[in-house]
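One chain, subunit A, appears in both complexes that follow, with subunit B as partner in the first and subunit C in the second.
So, the complex of A and B:
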């Protein structure tokens, strides 16, 4: 009422002023180019393409199904399918993208492409220092610029990447058991067929014995 | 040696003058002093801006500018270069001549005030008998420049800012003059050099500064409030309230004209700090008698910079006032108190030496302060506002 509020305020700012020189935890500023803090795990900015193994071209998980291209709200993905086929991670021959471009000046980082991808082939990156002097070509990323290893994915989003790997391994195992079962069934069927054609008397005899 | 250090600028001036013929010497002397003032105070402006940005940062637990040069001390240079190289935009519908003249006028007027300030022993450019009056005349003219800027820009924010500025500056001009009048009453002179000389006396090693008297403290506080409002500083920064009016009266200014407004504001702040120092803090006199050997100009400039630091501290602390609070505060609190202070100063003069006048004068001022604060808060003049329809 008599100005003591002003004095209290002045004392508070004085405390801040002196405190900022004395205690480091008061200054929360991270002086960016020199100091950095690790991005939180859920950080995302622009998509990248995951590849397995050492060779990015051979290991791309993308099969050029074009779902992401169709679902992309700002239409920043451009895909061209290949005519030939290459084996994918399960060993099945698949079509691969001959051209896969993302215009990151158009991308709005919505992550819809990641959510619709059935092959875990496209994921969100955390790289944010993307400035370039060429605003047209420099911001249109092609296949090679987009391809990043699965190890990189593990580094930036460890939890998510572990889940994805587990799911892929499970699928692969399922596919393998299915293939094995199919192979076995086929073998058994083939064996049965050969047996059936080779020994009809046996079955007759069996039937006879049963009767 | 000590005397030479004290008078170093005067000696330099005379040394340069000795190269010219006798007929030209007075003109050269004045020109030198003017050039010195025009160089020193923009330099201090740069220091003040840097202090303000770093100090405010620290008060808000930030670093403040620390990129340009070591610890960011070259930031003012970068700012100056930036404003020099920016495009100078004049709105198509603006009154181009007035729009151009406003910042020039402001800077010229603000520098005029320094003519009468004694910045050290024998260091007043003009030893004018009506120095205080001249200073206030120049100070009051800045309102014209502010209104020129606001009116000629043809922008609603500029005009609103200018309106607010004129209302505020004219309201606070009155207590500003009345609070400094007590000093004139006591000294019996409006000559700033004589006001400083009157304070440059010591009893038991302590100075006779006017701030060490009851009426002096009251007048100094009222003067500080009024000058804060005069120089449009927070918490009285309504004319340029950036959250309401973009930038107030200089919304439509860019490039170097904007920088001139900025310069005018800070140089004006430095000049009112200098006047406050002269009137109440003993000008260039030392705070203790045993420090007499420190050059007088060091005392003057350190007192001015100290006042600037207080301005910055206040800005870092106080929120902006509302327009009605501002006006009520000026007319219902500061003005009556400064009028009462005139009476108290007269009482002090006629009560004679002794402890009695200390008691009587302090009691009157304290009681008036308490009663007026209570009444003012009770009547919601400067207290929280109650809303009739809202809430």
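So, the complex of A and C:
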């Protein structure tokens, strides 16, 4: 019969239309922003820097090795190394990023910085409502804006964060046993070395003030 | 375009087998030259067709590419092998996972990298899910171009949404997945993910049935598509057309069967072939391919083995392949997608070339459109199923 196909199609539409009032499965949309779909755990959008403890500046895991800056495909990361050092999570003195900027208007959320980071210092956030009226600096995040606590990381990616914490704890334990064994032998040597380096710096500083 | 553009071009056209036939205008008077696009609702992006019309009939059609050129190939030459992977997502942004796979195959051939079994199965599952959602939305867009604004497309997107949720829960992103790596996949699929995939795959036949009820018997659809935009098989082969376009012309050529890349030799599936090579055949081929993909998915989910998803010897960054060249190709949902790489022993490719199915399938657009009505040009263009991100790269 001519028109049978059309009627069949219309019946399908009608079934879905009426069905959407009865079953939730047929109603596929939600009224954003009043309603929100529960976020999926693996979701990622922009990177943030993880810190341990209460003080964000002291607890930053980043050691400014600049691997992420080099590997970033759209080159949206800018890092300046510090001159002095601070202890990292294993207690070893490390340099830290004096400046760490990410232009998230350039970032394409590819996660390569996270994968190449050997220190578990940079992870992906899930915050997506980031629009701003400041078009010059609003989306250029410095290290203070990027720093987020390990607790935040646990909140957004619990499974992944637990794995990372376990790995870091293992590394720390390994480093501690290694450090204990090496401590006795290195103590005397290190003392001698610091004495030797301290002397020339002093004389150099003295020379500067004379000139 | 100058008013005399077509006349000038006519003089420059060389004689040869591959030139489209010359259509004589039926009416007296001048031809109407129209630029369809780059901002035209039917062009799926930024693409221009310069058409010369005699009344409603198309006398000449000139496709103009390049509005979305992003310099991907040259950028990749200055970037590490890993750095190009997220950019491949942005070629054919409807099916990023097949793009990832094609690039991974090319680099794996270049470096001689092995891929673990589980990763191969995961790749097959993801590629077939990609094919299902690509064909569903391709059909939806095609119907939309016939004037059914929205309804069938929303049905297709409803099914696509479930698949994209699977992609997101595995890879972290719905579209820009950046998932595959040289020597495996980035993260392993959890049992929960596999169960969710099984659930989606079990529900998909119901969607296919619903979608078929909605469309295939529709008299308006048949009147609009049957006998429109015929592409002879010889021309399709000569022009290098691949994918559903070529199979709709009755040529049995599917790289999953020809190359047996990955683990495709372990699955039983059939290759649907068309007969008349018109828009209706291309539309139906996509339906049948969805069904075959579901059969592959069913087998792959049953057979998937345990084990690692990444080869332990694989390097993420900082590797330098030996000087040489490699061509990795797969059957992407739109046709043969190939990546051709030349290494000079450095950390980045010396030459990086993509064979995009969309661009090459589009080169015979004029042959299909000549003598047709201008409203059918929109339809024929839709039946090619292109994504401009891949055409212009």
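To be clear about the criterion, the second predicted complex is superposed on the first by the 181 of 211 C-alpha atoms of A that agree within 3 Å, B and C clash if a C-alpha of one lies under 4 Å from a C-alpha of the other, contacts with A are read in each partner's own complex, and residues count from 1 in each chain.
We take it that a residue touches a chain if its C-beta (ideal position, glycine included) is under 8 Å from a C-beta of that chain, and two chains touch if they have at least 3 such contacts.
Just so we're clear, the structure is a prediction, and the values are computed from it rather than from any experiment.
Novice: If we overlay the two complexes on their shared chain A, which of subunit B and subunit C does A:41 touch? Say first, second, both or neither.
Specialist: The second partner, subunit C, only.
Novice: Could you say whether A:20 touches subunit B, subunit C, both of them, or neither, answering first, second, both or neither?
Specialist: first
Novice: Between subunit B and subunit C, whom does A:133 touch in the aligned arrangement: first, second, both, or neither?
Specialist: In the superposition, A:133 touches no partner, neither subunit B nor subunit C.
Novice: Should A:108 be classified as contacting the first partner (subunit B), the second (subunit C), both, or neither?
Specialist: Second partner only, subunit C.
Novice: What is the contact status of A:9 with respect to subunit B (first) and subunit C (second): first, second, both, or neither?
Specialist: Touch status of A:9: both partners.
Novice: One more residue to check, A:28. First (subunit B), second (subunit C), both or neither?
Specialist: In the superposed model, A:28 contacts both subunit B and subunit C.
Novice: Which partner, once the models are overlaid, touches more of subunit A's residues, subunit C or subunit B?
Specialist: C
Novice: Take the contacts of subunit A with subunit B and those with subunit C, and give the residues found in both.
Specialist: 2-3, 6, 9, 12-13, 16, 28.
Novice: Could you pull out which subunit C residues touch subunit A in their complex?
Specialist: 79-80, 82-87, 151, 155, 158, 161, 165, 168-173, 176, 178, 186-187, 210, 213-222, 316-317
Novice: Note which residues of subunit A are touching subunit C in the complex, please.
Specialist: Answer in residue numbers: 2-6, 8-9, 11-13, 16, 28, 40-44, 71, 73, 108-112, 115-116, 124.
Novice: Touching residues of subunit A toward subunit B in the complex: what are they?
Specialist: Residue list for subunit A touching subunit B: 1-3, 6, 9-10, 12-14, 16-17, 19-21, 26-29, 31.
Novice: Taking the complex as given, what residues does subunit B use to touch subunit A?
Specialist: 55, 58-63, 313-314, 316-318, 369-370, 373-374, 377
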